[in-house]
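Across the two complexes that follow, subunit A remains constant while its partner is subunit B and subsequently subunit C.
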Partner chain A sequence: MKMPLVAKASACVFGFFLFLKLGLPLFTSPLPYSVLAMYMILVLISTLLYVSIFEDDYSNFYLPIVKFLRGDEGDNAVRKMSRIAVFVMIPLFMGFRTYKSVQPNFEPPFPQRVIHPAPPGSAAGFVNPYGGDEANHEKYVQEGRKVYYENCVFCHGDKLDGKGFFANALNVKPANFADPTTISMLQESFVFWRVKTGGIGLPEEATPWDSAMPRWELILSEEERWKAVMFLYDYTGWKPRTWELDAE
Partner chain B sequence: MLNSLLNKSWLKALPLLFLAVVLLFGWTPLVAADEEHDDAAPTAETAEENALPTDDLAAGKMIYEKLCISCHGIEGDGDGPAAVRFQPKPRSFKKAKYKYRTTPKGKLPTDEDLFRAITLGLPGTGMPDWADVLSEKKIRQVIKYIKSFSDEWEKQESSPHVVTVGTVVPTSPESVERGKKQFTALGCQLCHGTEGRGDGPTASALKNHRGDPVYPRNLNKNWLFRGGGKAEDIYVRVNTGLSGTPMPEFSGALDNEKSWDLANYVRSLSPEKTPERGSLIKARSIEETIPVDPDDPIWQEGEPTWFPMMGQISFEKRLFTPSVTDITVKSVFNEKEIGFLLIWDDRSKSKTSKPGAKKISFTDQVAIQFPEKLQPGGVKKPYFIMGDEKLGVNLWNWTSEDNRFFETNAYGVWNNSEVEQSGSDISGKGYYKNGQYRLVIKRSFQTSDSEKDIQFEKGIFYPVAFFAMDGTNGEKGSQRSITPWYFVFMEPEEDKSVYYYPPIVIALVFGLEFILVKILKKNHKKENV
Partner chain C sequence: MSLIKSIKKQPLMWAVFLLMALFALPSPSVFAETGSSVSYRDIGGIGSRNLIWILSQIHILFGAFVLGVPIFVIIVEVIGITTGDKRYDRLAKEFTDLIVACFATTATLGILFLFALLVFYPELMSVMAGIFKPAYYVYLALFLGETASIYFYWSRWEKWQNRKGLHLFWGMALNIFGFVIMCLPSGFLSFQASPVVLNPDLGPWERAWTAINNPTWWPVNIHRIVGNIVLGGFVCGAYAGVAYLGAKTQEEREHYDWMGYTGNFIGVFGLLPMPFAGYWLMREVYEYNQQMGITLMGGILSWLFILQAVLIGVLFVGSNYYFWQGIAYRTHSAPKYKTPILIMLVVLVGSFSVWLTPHSLVASVSEARAMGGSHHPLLGVFGVMSAKLTVVNLMIITTFICFILYWRADKVITVKWGKAANIFTFVLITAAVIVIIWLGVYGYFVPSVYRVNVLSVAQVLAVIFVLATITPLTALSLKSAKLTHEMKWGIMPKRSQYALVINAVFVVLTMSLMGYARSASRVHWHIYGVLEDTSSYGYTPTLGVASFLFVVNTVIFFVLVGIVFWTSHTIRHNRFSTRYFFLPSVFMYLVDRFSEHRKEVAKGETGPRFVILKVAAVVGVFLFAYSYVGYQVPQKVGLPPEKKELDLTKIKTSDDMVQIGQEIFYSKGQCALCHSIGAGHGRCPNLAGVGARLTREFIYETLTEPEAYIKLDFHTAMPVEYSAQMPVISKPPIGLSEQELLTVIAFVQSNGGKVTVRPEELSQVPGNSESTPEALDVMPQLEPAELIEDESDETPEERAMIQGESFEGDRHIRMATKRVSDR
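The block that comes next holds the complex of A and B.
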């Protein structure tokens, strides 16, 4: 038996919706609502275009709907009931949506927080003084370990996963260095800048008033800060992002 | 006939299209904030997976020297770099005194005990749960290596007695009541306090085997029990004690049923579920004057909001071992005033020590922090620890020793900028009982000094943060427990128009449907003519 065009069209729209909503998140991060809405409008318009492009198709598509809405004398009880149900459900649903949208919705001001803001120009000049010294690398890393475990471990954690025992008290969660999207995506100079000036040194789009990252230049020497950065990369096994890699 | 239908059909399809869009996406505008998604990612596994030695001891050494030395030290004597600031100190595997065991006090733990501690970690300490990083095999290899630090292991008797949890006595009011009697009969309250908040009369004098002060556990916060917060964990603990600490083993005094009763009682002191970190304090509207008595029935009502606290470690002097771990807050408001009830646990009511005293202590203190002024848009705030040079904060303080309420303004920690206001607009009442402070602070919405004092209105989100200081723990000035910014909100009276719109919309849509069907029927009749 041939599938009615209406069923085909709705299956197509619904199938796309399911794919975008449930299928896609299996491979990548879930779509934001606005993007999902945009895709679905495109799907809907193309479907309607498809069914209305030929006259035959169009009447095949349109007539069953018209018949359903109009109601025919020969309709059986099921058809009648579902017709009434549709006519009652739509206004109720619209009323509900209206209630939801006019209902006072108190949401705290929500800043669009930039996680990796552009560092100030001065940050580009930070160069690791121990960078080329391969012979003493291990020594510096061990000194960095000491700095980390005397200062950073409380928030960033023993596993460098941002789950130190103070972490739950914080609103902006401490960075998880083990995560492939943190220090491995950043240049050493950027990481150093973040350590040096801390949360309070962030530009306004990164909500400096909320970040608990201390301004370590007040507490640690420049040498200690570089060694701590070296320890982060050594422990996690990540390599800092470099200009050479970018150029490739 | 069909042609006429088709000519008009585009028009007719429009309401359908419209309905379809609405049904799919609802009425909300097609813009919404991006949902945040978890950035949970597996911890980087060591690359040398394949190159691991086949010998268990050598493999354990390799893992140990990568993951464990920072706290426990390369020689296993618990003096890694973290030992400097951790309290309690990391375990020394050389001394081999283990707190969390199933074996009698003073005896070595079983391999399973060590396995448990490594897998689950010790909550509230620097020891994390390693299960997501290390496989069971690797943990067993590390255990083998850890044991090689001490020859105590070779000296021990072949199979130590192990406490096993007997037939479960499920928790019940009767069991809890019997457990409470056990608690008193065994003298638990001498250290842990009458209500179990670690505030017993002997609590402040306790030392461990190293001579460091140790604090009896606050039994009201089972999520911080190092050896686990379930009743069966407590069962094992009371039977085995904690080696190297004054916590005795009560196995001689407890049979299976008594152990369960005591465990059920201790478990009942903590909430059933670990509280969740709040983000917004929703103040409750009341008609009456805000009562300053923390025990007033008005303060019994309403949902509390819970905020974990951390030590202030951004500016010298820093606090790495805070005593106050969390604070519970309620808020109410009437037409003129807003009030807060703050509840937090503190091991002792502190007094300022006399000059030259051996142990220095200060008064206990708490503060509620607001911005001096709200910034346009409400997003920008002063720096969360005591503000900054550009944006100041307004603090409502209370000190327990002299029961004093006073307001201050601050513009940064680093420049000692906190200034006390000459007059105070806040009032309230607080008291200390059984290891817990309960305090009410209130103020009128508006004050005469709108430059230095935050001014309140209903329907606006106000940033708010909390500070607490335990004077006996040496906390004063920048050494304090802190929270980040949260919000407090007073909901305005409901606007009745909310209930007018939905019926209007329902009527309109129904009308449209009616017209649509009418048109369809009319066309149909025409076609049939």
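The block that comes next holds the complex of A and C.
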């Protein structure tokens, strides 16, 4: 028997939902609700778009729905009951949503934050004093390694992957430097500035920033901070972002 | 009634009146009156900033339409001449009707905008007028030219049917005037965002030109002209869509179906190069000022580009949807396209979802725990530029494929090499897709700079290569193709016409958003780094508020466009005047409503009812949805940084001085507008390591008397492109005090050299506002103000003495003194 188009489309949307909700967590982390909702809305909209392109699809898809909702002379009891069920379900569903949203919740609110707050103008002027010194590069990196393992390792972890001892206790997880999309996308001066301000010294626009990262400018000297940044790049193998090709 | 009659009889006289009103506006007396006394005025309720925001945006939207449409009108007319198909000529005429209908509204809005600026931002306007005054006169002259060309082009359309050369000449004139009219104010605006230093000795014309010819002027021009074509195409499409929905006869439906198709095609045509133009603009912004680039792409505004992605994604999907429906309804072989269309839809929506996926996801605590951070291990890779650029290129290619399929539908290729061409097309597109994806993936494994400068450019080139090769190839192979069926026009379903309207709405939203992005990149500056916004509106609003204003702008624009089109369309008097003015045509419409003539028409056949209301409802749903999305992203206000007065008690060590000096270097001193340190090649000498080469005295002299010194040490690195020169830092507009100069010197020295400025010296030189008693004790004979004002009269020796340093023995000073005396 040929499957009606409505069933096909619903199966497509529902199958995609199952894939995202159950399939994906099998081999990677589960998706947060915000992303799941976004993808599902896109899938739903594109399904509706597709069935409205061709005339035959359009009538096969929308007419049965309209007919079902509107009711027909020849409807049997099952159809009638299911129609009533649908009309009862809609307000019930809305009520349930409302109940869920006003229900007391012990989760902290979503941290709607700006991830890379724009640094003040002066941050662009931070220049690594050891940048050009290739001869002593290894020495500085070793000094930076010492700084890292005395100060940073507890949160950012042995392998710089953000899985330090304290990482599980922190909301706004420590950054994972091993990830190709973190420090390799940032300039050295920006990373230095972020180390300098920590989570506490960030400008107003970055709040509410719940990061527990200390303001290292009060603890470490400028030299130590630069060396630590150099160590981050050296260990992970990423290159800081620069603007000219000839700077390579 | 007599007024209307006089307008109808003497449209030119009224046009001249309008122009005179325009001429009177920027007259210096207006500025002189308001400039000195008040900096800002406000208006209750809406707020002066929002009012300016709305007026400028709607003016620019109308302007974009009026300037964008002539570009393709003339192309359509030429096609009509070469093919001999009268349909094209009629279409071009109808497009021109729309321009003419909007022309006066554009000017009226411009006048309102200018008045509002003069009233609410008198200080800014007097500064701008001081710089651009000569350009204003050019602008008005151009406006006169534009008016004349549009008058001739439109009103002589029928008369000059046999003199197409002359007619095309005026069409070209219209386009040329239009282009320059667009470029000139672009110069004003881009100067605000990327100002160049203007020396006091520049003449008025030279000064205006220097300011206009700033680093982001051309990228903005190109971006705008392409944007104008897109806007013009889609708005014409929307007009045709609404007309189609309300059409009474099949003939009308056929005509408007074809017009809507053309409008959509032009819009898509402009949309394809748009990402490249935007990419170039952003690169220039980064090149000009890295900080501005970071503000745009990094901070609060980074979420703005997620909102922009929503808009552009809808545009791509919407215009493709219209194409697909065209294939489904107009062609005879529709069913065989079901699978290709499904594939294209999946690719488009898949690319769109990658584009929408932010790097750091919005997640609750438990979700973030489960993810192991705010970056998802798999989706995190979608969040960065490499992925975004890849999917944008894929979306462009998909749209292009869609167009090619549409083009080839119902045609049988008869040329011998047809099969080879097909294989070539298939192989080339497949190869391009593979290359684009491979380059995108490869981008994760190379340094960013390599990705930005090599890989991204290669991706773009691959797309352009495909477009530039396949288009002529398909055109050649289809030239002699056999047509199996004629396209069927006028049977498109209603939903396709709604797609046209929604596309236009989203183009307007996108333009509002981009206009806001360019203004917001200046943060709390009227003129970046030069004139600060000290009004109560000198902050960046939340993105929710901004999105709401985009929606407000869009609604106002479409309501105005609707009124203009509706009235000018309803009254089909074949007169010049009715379309030329905005208000008269409304009056005419109202008068007409109650006249006998109207009733007779009403008895005739009626088209579908409530079309406008239905369209408005659909548009309203989409706008509401967009506004809702705008409130779902982080809502943060960007406040201007706190003002710091130089506090001597806090400066204890030379490190403190260096730090203060650094802050001044990057803010009040405006040094970083031209100079960079280390990274980047600014327009002026790079100051990395200069501390080792220059003495303290030399640095002081370059700051206070740059003409004497500037070429001394840096003759090889003079600014080439922009004729901006080093300003006198101790004089207005920058006007650093002696204390601040010392801290800047300390900072410059710290770049590779030893800081010789001692913190104690600060208390011995005058400060910014009022100096401390100790400073007066040291130099009781001089008032602090005099020291700064009369500086140019002093000899270098005296200045060196003021600083408490010995003048003798300094090579630079001696050389420079000689240079000065030689002159």
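Assume the second predicted complex is superposed on the first by the 130 of 248 C-alpha atoms of A that agree within 3 Å, B and C clash if a C-alpha of one lies under 4 Å from a C-alpha of the other, contacts with A are read in each partner's own complex, and residues count from 1 in each chain.
By our rule, a residue touches a chain if its C-beta (ideal position, glycine included) is under 8 Å from a C-beta of that chain, and two chains touch if they have at least 3 such contacts.
Nothing here was measured: the structure is a model prediction, and the numbers come from that model.
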Subunit B versus subunit C as contact partner of A:Ser29, first or second or both or neither: both
First (subunit B), second (subunit C), both or neither touched by A:Ile84: neither
Touched partner set for A:Ile53, first subunit B, second subunit C, both or neither: second
Subunit B versus subunit C as contact partner of A:Thr181, first or second or both or neither: both
Partner contacting more residues of subunit A (subunit B vs subunit C): B
First (subunit B), second (subunit C), both or neither touched by A:Val172: both
Touching partner for A:Phe17 - first (subunit B), second (subunit C), both, neither: first
First, second, both or neither for A:Leu92, with subunit B first and subunit C second: first
Which of subunit B and subunit C A:Thr236 touches, first, second, both or neither: first
Touched partner set for A:Leu42, first subunit B, second subunit C, both or neither: second
Common interface positions of subunit A, toward subunit B and toward subunit C: 29-30, 32-34, 38, 52, 55, 58, 108, 110, 163, 168, 171-172, 176, 179-181, 204, 207
Of all residues in subunit C, those that touch subunit A in their complex: 286-287, 290-291, 294-295, 298-300, 302-303, 317, 321, 324-325, 328-329, 334-335, 338, 341-342, 345-346, 349, 352-353, 356-357, 359-381, 383-385, 444-445, 447-450, 453-454, 493, 495, 633-639, 641, 662-663, 665-667, 672, 677-681, 688, 751
Residues on subunit A engaged by subunit C in the complex (per definition of touch): 24, 28-35, 38-39, 42-43, 46, 49-50, 52-55, 58, 107-108, 110, 112-122, 124-125, 127, 131, 162-163, 168, 171-176, 179-182, 184-185, 187, 189-190, 203-205, 207, 239, 241-245, 247-248
Of subunit B, residues touching subunit A in the complex: 2, 5-6, 9-10, 12-13, 16-17, 19-28, 30-35, 37, 39, 41-44, 46-47, 70-71, 80-82, 84-85, 124-128, 130, 133, 277, 279-280, 307-311, 313-316, 318, 320, 377-384, 388, 391, 414, 459, 461, 482-487, 489, 491-492, 494-495, 497-498, 501-503, 505-507, 509-510, 513, 516-517, 520-521, 524
Residue numbers on subunit A that touch subunit B, as the complex places them: 13, 17, 29-30, 32-34, 37-38, 40-41, 44, 48, 52, 55, 58-59, 62, 65-66, 69-71, 87, 90-104, 106, 108-111, 145-146, 148-151, 153-155, 157-161, 163-166, 168-172, 176, 178-181, 198, 200, 204, 207-210, 212, 214-215, 218-219, 236-238
